[in-house]
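Next come two complexes, and both contain chain A; in the first it sits with chain B, in the second with chain C.
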Partner chain A sequence: MAQFLQAVVDGVLGGAVYALMAAGLTLIFGVMDIINIAQGILVVLAAYLSYALSVHLHIDPLLGLLITVPAMFVLGVAIEWAFMRRLRGRERVAMSLLVSYAVAVIIEGALYQAFGSTPVGYLPSYAIKSVHIFGFYLPYIYLIGFGLAAAALAAIYLMLYRTKFGRSVRATMQDKVAARLVGINVDRVAALTFGIGVAVTAAGGMVFGATNTFNPDSGYDLISRLLSIVILGGLGSIAGALVAALFMVTAEEIVNIWQPTWATAVYYAVLVIVLLVRPTGLLGKREARAQ
Partner chain B sequence: MSAGNLARLTAIAALLAFGFAFPLVFTNPAVTNDAIYTLIFVAWAAAWNTFSGYSGYLSLGHAVFFGSGAYFTGIATRDWGLTGSEVFWLLPLAGLLGGVIALPFGLFALRVRRHTFVVITIAVFFIFQLTAYNLATTGGTSGLLAPPINFASATYNNPFYYIAFGIAVGTVLFSWLIRRSRFGLQLRAIRDDEDRARGLGVRAMRIKIGAFVFSAVPVAMVGGLWWYYTALVDPSSGFDPLNDVAVALMAFFGGLGTVAGPVLGALVIEPSYLYFQQQVSAGYFFWMLYGALFLVVILVLPRGIIPTAAEQIGNWRERRRSKGADAALLPQATTDAGRAKELA
Partner chain C sequence: MISHRARFLSVGITAAVLAATLAACSSSSSGGKSHNKKPILIGASLSQSGQFSADGQAFKRGYELWAKDQNAAGGLLGRQIHLTFLNDNSSPTTATTNYQTLINVKHVDLTIGPFSSLLTAPSATVAHRYNYALVEGAGGAPSVFATKLNNVFDVSLPVAASLLPMINWVASLPASKRPATAAFPTSNDPFTQPQVQFAKQKLTALGVKSVYYKVFPEEPTQIKGIADQVAAKKAAIVVLGATAIPTVSGFTQAFIQAHYNPKVFIATAGPDQGAAYLKAVGHYNNDGVMVPNAWFGGSPNPQSKEMVADYIAKYHGTASGVNADVAEAYSVGQVLTQAVEATHSISNAKIIAYLHQGVTLQSVQGPVRFNALGENLAATAFVFQWQKNNFVQVLPPGTGSVAVEFPKAPWGM
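For the complex of A and B:
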């Protein structure tokens, strides 16, 4: 029972970080109608940035976020401007997947070139120490990750629902043509949204890097989890991504207690079962199904 | 028979003759080795296109069939103690297995459309890869080795070459037949507007599943052949996500939804991939080059070579014809005619 509760607590804390990374993915989808397959490798790239800062420049990864978040934001805007904006026509959906995959391959190659394939990791002091409350052992890094994710998700929420820019983002999500007609610069909204969606990987990657060893190959595992989460939650729904991430990661932690080798399969099994019952995902809109 | 048809038939016959004679002319095993891999991808891309190209449902999960075919052939060879060319008889069974797997996969995945469908195919793909890692019978991380084969070394590659060639030709023929048939028309109606097609009486689910199952068969067959030729399958090589994307790239490069496009794409991309891999061995620079090529293809030639070229030739013919008919016709009018044709 204690093991079970510990798994639930770990799942909720870890799930928040996945929720943040998935929120970026689903936000990009909602605004631009594309799935950014590169999200997984971008998380790994952010983890390597934190690694390089902490090992070579001795900058604490947490402090390093001041550098990595803007850097990832700029990279996201650049990817949108250089490639995503140029996709037009009937096969746009398919092409956007392939283009973001190509971007992922290039980044993966660059990471292999720069860092090699040996798994690396960094252990800031707060990744080793843990706090003991209510009978649970909670590593500080989990608490920091949870706090970061909660703060970033709250910021995204406030941005979407309390600012003028957020209103134009939501308008673009609802109807691109109408948004353009009322004077919203849809291209600008798309670029900034892509930037924000990628910038959250900086925080996610920092926590991921501090809790796992990783190499450039880790991107595949991450993207398959993130995709499962956003589809389960319902494409384009941030609340859905949040619920799905907490649920999936907790389920994985629980299965992990007695079946470590099959724990990852939980993601896909849950996804398959839910979609059989509800093809739009947990909180997805009906439109998500229309061609 | 029109001149165009005659030219086309001659070209096909020449291509077939070239394919037949290839291992007799190029006896260097390094060359036939590349040819075998290329033919495997010709079959895979053509099969993938009969589903994804015609129906518009982008599958990034066909490696499920490739890996299943490879593992099935490997396990059956080991458990039934097959050797030498006996193993080749397993390939039709591997194809059958691919079709059997595709049925429930399709029944489940084809309930959703667009992005969700793509992601479901990726998810199913990872379930299969994980299963291959975890089961005892698949050999886990170390995978399955093929038994040594006692073919004469000078012509060692030839049986593999001709079987790959046969599967590739059969798949392309099959793709052509589908495209000409009512079934192919229904598939393309689904691609253009699924709801409207259903309104017109197309039984969309059946048609989609049919195409999905058919497209799985050749992929599973070349998967089995690939295992026997490469002599090793492990979870990351049998179920390789890069193969799925490479096949999609081949189809896009040549022309998605055309018969010849994926073939052309595979014939261009796979040999250049192998060449780069062998030449640019310095680190992972090759990866970046591949990704960049990928981007260029999609951004510069979004509709693929064959449709773009067909349009250019059509425009050129149009221009020549109208020049002959009325020399005074302004070039502006002819380009408009070309454009109208393109729109139609």
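For the complex of A and C:
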């Protein structure tokens, strides 16, 4: 029983970190119909930025978010302007895969040049310390990740549903042409949304880097998991990404107790079964996505 | 509904096609100044990216260091050595393709091995198909020799019994001090599983109770959950089957978070990677961690001392920071050198025949003598331990070993 509860705790805390990393991916798809394959490498890039600040400039990674979040926002806006805005027509979604993959390869190459292939990590004190509650050790870094996930997802929700910009975003999500007709600058909304999506990734990357040793290749393992989370949650649904991440990582941790070699298979089996029953994902809304 | 299914399907297919487009990239390096004689081309598939990239980089340095030294000494048979490397992205499939390319397209004269048993076994099959010898330094798992190919020669320690010094040491402890329990998490890799299973069998025979044995896929995202399960068992000994640094660092971090410090923590690989290991776990979280191997940077072997000095002159750092993979790769070159010089030929058939004669050759890792399967019977198993940021030999007792730090120091020292 203790093992089971430990697995649930690990699943919830780890799932929140995945939700944080996946939030930008689902937000970008929701607004722009773009599958950002580069999300995995963007997480790794954010981890490297935190690493560089921590190791070379001795800036605490958490404090470093004041630098990495704006930096990643600017990068996101630049990627949207340079690559994504050019995509037009019916093949836009499929083409976005190719273009974002190209972006991923470019970033990966730059990271190899800058940092090499040797795995690196950073261990601020809160990455190795934990608090003992009800018989379980809860690492501070995962609690911070959980808090950042909750804050980021709440902020995105408030932005979408409580601000004028959010109304523009939602209008763009529902019908780009109509949004343009009522005076919304769709290109500006897209650029800012892409920037926000990538900026949120900075927080996910910081936590990822503090909980894993990583190198420029680490993005490949991440993207398959992040994609499956946002598809299971419902493409475009922020809340869905959170529910899916918690559900899938917890399921994986529970399977780990008995047979770790099956954990990954179960992870993807859950995805297939849910999609067979509910093709729009757990919280996906087909109507909202119809364009 | 249909459009969403179709979209998901198209996304999936396109993603799969994208994944399939990941291809190996190649690089080559010249061994030295050009001579009139045609250079000898030697090819290898190495992991410059992917799971084994840190090892692959170290192997590349080892091969290049050997080629530089050998070329400075006149090359092989008076011909300069030219190395050609292809990146296998740590994939066995790509490694086999690379060896076909090296032999059929690059027309290399000789082939040398990739990193890890996982990649060596299929690569040896390809080399065998074209009657090439494959002298290698990181394919010591039983699976490499199970096919009984006559062309594969592993210059390093056969891995199956590499944990034997640690087991003998546990057996030597008085009953009152002997650890009572052990945990055996291992990745599903041909390099790790035989070692961990061997240790489990021997330690339980000594009366050490096994409280955890699980095989796991070596994916960083799963490490914490498994490490937490191990920590909950509070075993006195942890024998971790790992091929790479991220697995060891993941377990280390999770153990620290869980306030769990085993009395003995030994990993099959990772802590032997010198500065790269320290970079991953930090300078305060390595004390007492052990690893089996046949070589360390402080080896008294004169050839090894010379190689370490060369390495530090070129790449800087300290002897403890030199990755053991460098010595394994360098040893491959040394054995190949001796075979070529003894046969006065780069004929693969002659080299294979020579290496099967039971001759004893010398390398930076110590003596090399192959049995019929290509295992190095002359290799000696050692266990090394990090002690105050120094990588030292601790087992077997005597023969240059220092005392084992037991129980291991608390984390953060």
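A few comments on the model shown:
Please note the rule applied: the second predicted complex is superposed on the first by the 286 of 291 C-alpha atoms of A that agree within 3 Å, B and C clash if a C-alpha of one lies under 4 Å from a C-alpha of the other, contacts with A are read in each partner's own complex, and residues count from 1 in each chain.
Simple rule for what comes next: contacts are C-beta pairs under 8 Å (C-beta built on N, C-alpha and C of every residue); 3 or more make two chains touch, one makes a residue touch a chain.
From a predicted model like this one, the values you see are computed outputs, not experimental measurements.
Look at chain A after the overlay: chain B and chain C clash there.
Once the two complexes are overlaid on the shared chain, A:83 sits against chain B while remaining clear of chain C. After overlaying the two complexes on the shared chain, residue contacts for A:231 are found with chain B and with chain C alike. Once chain A of one complex is fitted onto chain A of the other, the partner contacts of A:109 are limited to chain B, with no touch recorded for chain C. Within the superposed three-chain model, A:275 lies in touch with chain B and with chain C [touch as defined at top]. With both structures placed on the common chain, the touch criterion links A:97 to chain B and to chain C. Touch criterion met: A:213 reaches chain C, while chain B stays clear of it.
Superposing on chain A, the segment of chain C with clashing C-alpha atoms against chain B, chosen from 78-86, 114-122, 168-176 or 402-410, turns out to be 114-122. Residues common to the contacts of chain A with chain B and with chain C across the two structures: 35, 93-94, 97-98, 101, 112, 227, 231, 261, 264, 275, 279, 289-290.
Touching chain A in their complex are the following residues of chain B: 58, 60, 108, 111-116, 118-120, 122-124, 126-127, 130-131, 133-134, 193-195, 241-242, 245, 248-249, 252, 256, 283-288, 290-292, 294-295, 298-299, 302-303.
Against chain A, the residues of chain C that register as touching in their complex are 1, 3-5, 7-8, 10-11, 14-15, 18, 48-51, 53-54, 56-57, 188, 214-217, 219-222, 224-226, 228-229, 232, 244-246, 249-250, 253, 256-259, 276, 279-282, 285, 411-412. Chain contact summary for the complex, chain A toward chain C: residues 2-3, 6-7, 10-11, 14, 35, 37, 93-94, 97-98, 101, 112, 116-121, 123, 127-130, 132, 137, 139, 211-218, 221-222, 225, 227, 231, 252-253, 256-257, 259-261, 263-264, 275, 279-280, 284, 286, 289-290. The residues of chain A lying in touch with chain B in their complex are 29, 35, 83, 86-89, 91, 93-95, 97-99, 101-106, 108-110, 112-113, 220, 224, 227-228, 230-231, 235, 261-262, 264-265, 267-269, 271-272, 275-276, 279, 281, 288-291.
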